[in-house]
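Each structure below appears as structure tokens.
Each of the next two complexes has subunit A plus one more chain, namely subunit B in the first and subunit C in the second.
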Partner chain A sequence: MKREAIKDLLYKIADDQLILGHRNSEWTGLGPILEEDIAFSSMAQDKIGHSLAFYTLLHDLGEPEPDIIAFSRSASRFRNSQFTELPNGEFDFSLIRHFLYDNAEAIRFEKLSTSSYAPIAKVATKLKGEIKYHVLHANTWLRNLGSSTEEAITRLQNSLNTLMPYALGMFEPSVHEQELIATGIYPGEEKIKAEWLTKIQQVVAQTELTLPDISSLPPMLGGRAGQHTKYLQPLLNEMAEVIKIDPTAEW
Partner chain B sequence: MTLEKEAILRLLEEVKDPEIPVLSLVDLGVITAVDIAVDGHVTVNMTPTFAGCPAMDYMKKDVEQMLARHGISHFTVRMSFDDPWNSNKLTEKGRTALKDFGLAPPPTYDLILDLDILEYATCPNCQSTNTTMRSPFGPTLCRALHFCNNCHQMFEQFKPL
Partner chain C sequence: MYGGGNTFEATKAEDLEQEDAVKLAEFEARIAQGEKIEPDDWMPRLYRMQLIRMIEQHAHSEIIGALPEGTWITRAPGFRRKLALMAKVQDEVGHAQLLYSAAETLGKSREEMLTDLINGKSKYSNVFNYPTYTWADSCIISWLIDAGAIVNQMANSKGSYGPYCRALERICAEEAFHLKYGHDSVVFMATGSPAQRQMVQEALNRWWSQIMTFFGPSDKLSVHTETLMRWKVKMASNDECRQQYLDMYVPKIREIGLTIPDPHLHKNEQTGQWEYTEPDWEEFRKVINGDGPCNAERLGVRRMAEERGAWVRLALKNPTAKYVRPLA
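For the complex of A and B:
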């Protein structure tokens, strides 16, 4: 029973990282300036590395090899939030998603670093340092652009309004929620969400942007149960292109 | 053939970071333990600098090849997060090697890696600390881009972590 709860937790974390990592990599060669091209490519590498660390923990619990887990499931077996699979849109859209996601990820890693399940705690202890650079990057850009030109502010605000319901979908509780909390493995999504709101509010308050009132926003749920938008399957097809042609290929 | 632990470490001193060829894996701090069992089996434990660093696979293979080349036939090289890497694990010798290579070494810190530390760097060209972080992401995962306000040059820093 506890084993199922841990697997479910690992899957949702790793799938979010893999899918967002892939989206980040789509900025390679397209970034608005060279430094941002490099930044999104680096964050893609980090995120895919993080997902590998969590897929390895799943493999240790009897699941298939990380490459198999990553490349041979269909969309309905992915546990990522719909938030991470949405297409990149324009730079403002990607930046807002990056800001909303990585501030949550940093809190998740911080909490997991004291998890009662030692293998998760070890990985999170390592990754909580790496994620600080993602948060630093996101918050710096948000502060700069969020108080710059009227066009930048309008674009960011529109993206924030569009993405907020999807971001709330990250905190979709799992059926194992109470068990994970009771056993000290994970503090639960409500707790992470509350801290996340405080964090992002602090940054947004330093800009001309306004955080949408979440009390009247229905979150976009379903991702954690395998319900996805039409955008996920094409992404998975593209990701698995090489392995489908040659399952032994190394790249 | 059996070797002492010190001899193994000397061999590993010869294995360099493929991206920074002046820096040995020992000085980088990614070799976390070397054990020699009574039957002579050598176990080398390694840990990645950054989890997504593509150079780690090469480093692991380089270690295996170095051991094999020196007649060690029974060995295991393990990569794990058991003793996770942080930039304080870089040795003094490693920091000097980074500087000579033109990379600012990461500042050492106590316990908590806060924002001030992430953004702090000493210019490797003129030693000024009047520098500004331009981007937390550089040409490789372990490097950040900074600008020196004193000598007006961009430089790269090996990131504190």
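For the complex of A and C:
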């Protein structure tokens, strides 16, 4: 039973990273300034590299090879939050998602680094140092743009309003939640969400933006159970376009 | 990667008539002794203009070149290739950043350069006006176009302008990894399944004429560049680079069982020179002047990126900040 709970946890973490990494990589060559092009590209590499680390842990638990898990499942078997699969939109949309996601990711990894399941703790300890820079990047940009021109502030506020319900979907509890908490593997989504809210509130308070009142926002759930928006399957089709020409070949 | 085969304007004797003869002689003597010219040193107007033109073309080639390859990042087959391609294309954009900084030391801002790119006033490597139909095209670019870039950049890194040479040294170090990645990905396909072998051979067939035009028109057709060569702006002739490239890569391509689509390609043992079917220079001219399969698309994407990012750049602008020339 515990094994299933761990697998479920690993899948949702890895799938979030892979899908968001994919979205980040779509900024390559299109960033608003060269430095941001490079930054998104760099974070995309980290995210996809992190997903590989977690898929490798899954493979160690008897799941197929990382290339098979990542490149051949259909959307209904993905456990990422809907938040990560939404198309990039304009830079304000991608920046807000980056801000909301990475602040949560940093807390998640901090907690995982003391997980009672040693393989997760080891990987999280190694990777949390990279996520620190993602957070630094997101918060710096939010502070800069969030108190700049009227257009920038309006854009960011609109994206924040649109994305907040999806961001709450990141904390959709798993069916194994109580078991993971009881065994000290993972502290549970509620705990991470509470710390995340405090953290993002602090940063938003340094800008001219307003955090939407989450008590009246229904979270966009379903991703962790394989229910996705219409955007995920086309993304996966694109990801598998070459590999499926000859899945048995070495590329 | 990099364009190579820069388009230079012919230099004329009257270009130098306005220059101070004593300073010009000192300048030329420094270059002849192998000294580097630095941003605040005296330099002839023509030297400055041609360098801006060359470095700018190079920088544009890096960001435009990121598009045909970048489009394969989301489709790369497997984690290993995906992570490597992402890192490679990121490097290319980083090269653009280094090169725009080097060009800025000569007095033209990045913003002006990007505006000239979008307006079609400045050029970039012609090869990127061709499409990448399959994954194999992106691998052929990573190997054989980047290989051409290295030949060109190694030569240029021995040039006379300090900031450009230093940027090129850093760029060449990274390009060496791109070459390994490109070679590795082509080898896997060339020695893989029948479908993979067919894919990569077809990609080579498509790209061969672009590879042959990569270094620019034959010296017989090129404009006179003696002054630029004396000033170590242009370091090797187009044909010299092409011959060196063929020497290095024809055996490597044949070694992995690929067929080069030119029945006349052979090395003349008497002259030591490669002989080949001349690529279609008329098409080259047509494409470089804007009429190629992807010119409009590439510039369209770049223009869209600039327009979509305009509000970000505006928001970042600090009205009290002064323009500072980058260090290079």
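Keep this in mind: the second predicted complex is superposed on the first by the 246 of 251 C-alpha atoms of A that agree within 3 Å, B and C clash if a C-alpha of one lies under 4 Å from a C-alpha of the other, contacts with A are read in each partner's own complex, and residues count from 1 in each chain.
Following the convention adopted for this analysis, contacts are C-beta pairs under 8 Å (C-beta built on N, C-alpha and C of every residue); 3 or more make two chains touch, one makes a residue touch a chain.
These numbers were taken from a predicted model, which means no experiment stands behind them.
> Based on the superposed arrangement, let me know which partner A:Thr125 touches: subunit B (first), subunit C (second), both, or neither?
first
> Considering only the touch criterion stated at the top, classify A:Glu177 as touching first (subunit B), second (subunit C), both, or neither.
Neither subunit B nor subunit C is touched by A:Glu177.
> So, does A:Leu52 touch the first partner subunit B, the second partner subunit C, both, or neither?
The answer is both, since A:Leu52 touches subunit B and subunit C.
> Once the structures are superposed on A, label A:Glu63 by its partner contacts, choosing first (subunit B), second (subunit C), both or neither.
neither
> Once the structures are superposed on A, label A:Asp246 by its partner contacts, choosing first (subunit B), second (subunit C), both or neither.
second
> Between subunit B and subunit C, which makes contact with more of the residues in subunit A?
C
> What is the contact status of A:Glu238 with respect to subunit B (first) and subunit C (second): first, second, both, or neither?
second
> Between subunit B (first) and subunit C (second), which does A:Ile38 come into contact with in this model arrangement: first, second, both, or neither?
both
> Let me test your reading of the model: by the given contact rule, A:Tyr133 touches which partner, first (subunit B), second (subunit C), both or neither?
first
> Which parts of subunit A are in contact with subunit B and also with subunit C?
On subunit A, the overlap between the subunit B and subunit C contacts is residues 35, 38, 41-42, 45, 48-49, 52.
> Which bits of subunit A are touching subunit C when the two form their complex?
Result: residues 22, 25-26, 28-38, 41-42, 44-45, 48-49, 52, 66-67, 70-71, 90-91, 144-145, 148-149, 151-152, 155, 235, 238-239, 241-243, 245-246, 248-251 of subunit A touch subunit C.
> Write out the stretch or stretches of subunit C touching subunit A in their complex.
63, 66-67, 70, 72-79, 81-83, 86-87, 89-90, 93-94, 96-97, 100, 110, 135, 185, 188-189, 192-193, 195-196, 199, 301, 304-305, 308-316
> Which residues of subunit B touch subunit A in their complex?
Touching subunit A: residues 47-48, 50-54, 81-82, 84-86, 113, 115, 118-119, 134-139, 141, 144-145, 159, 161 of subunit B.
> Inside the complex, what are the residues of subunit A that reach subunit B?
Against subunit B, the touching part of subunit A is residues 35, 38-39, 41-43, 45-50, 52-53, 122-123, 125-127, 129-130, 132-133, 136-137.
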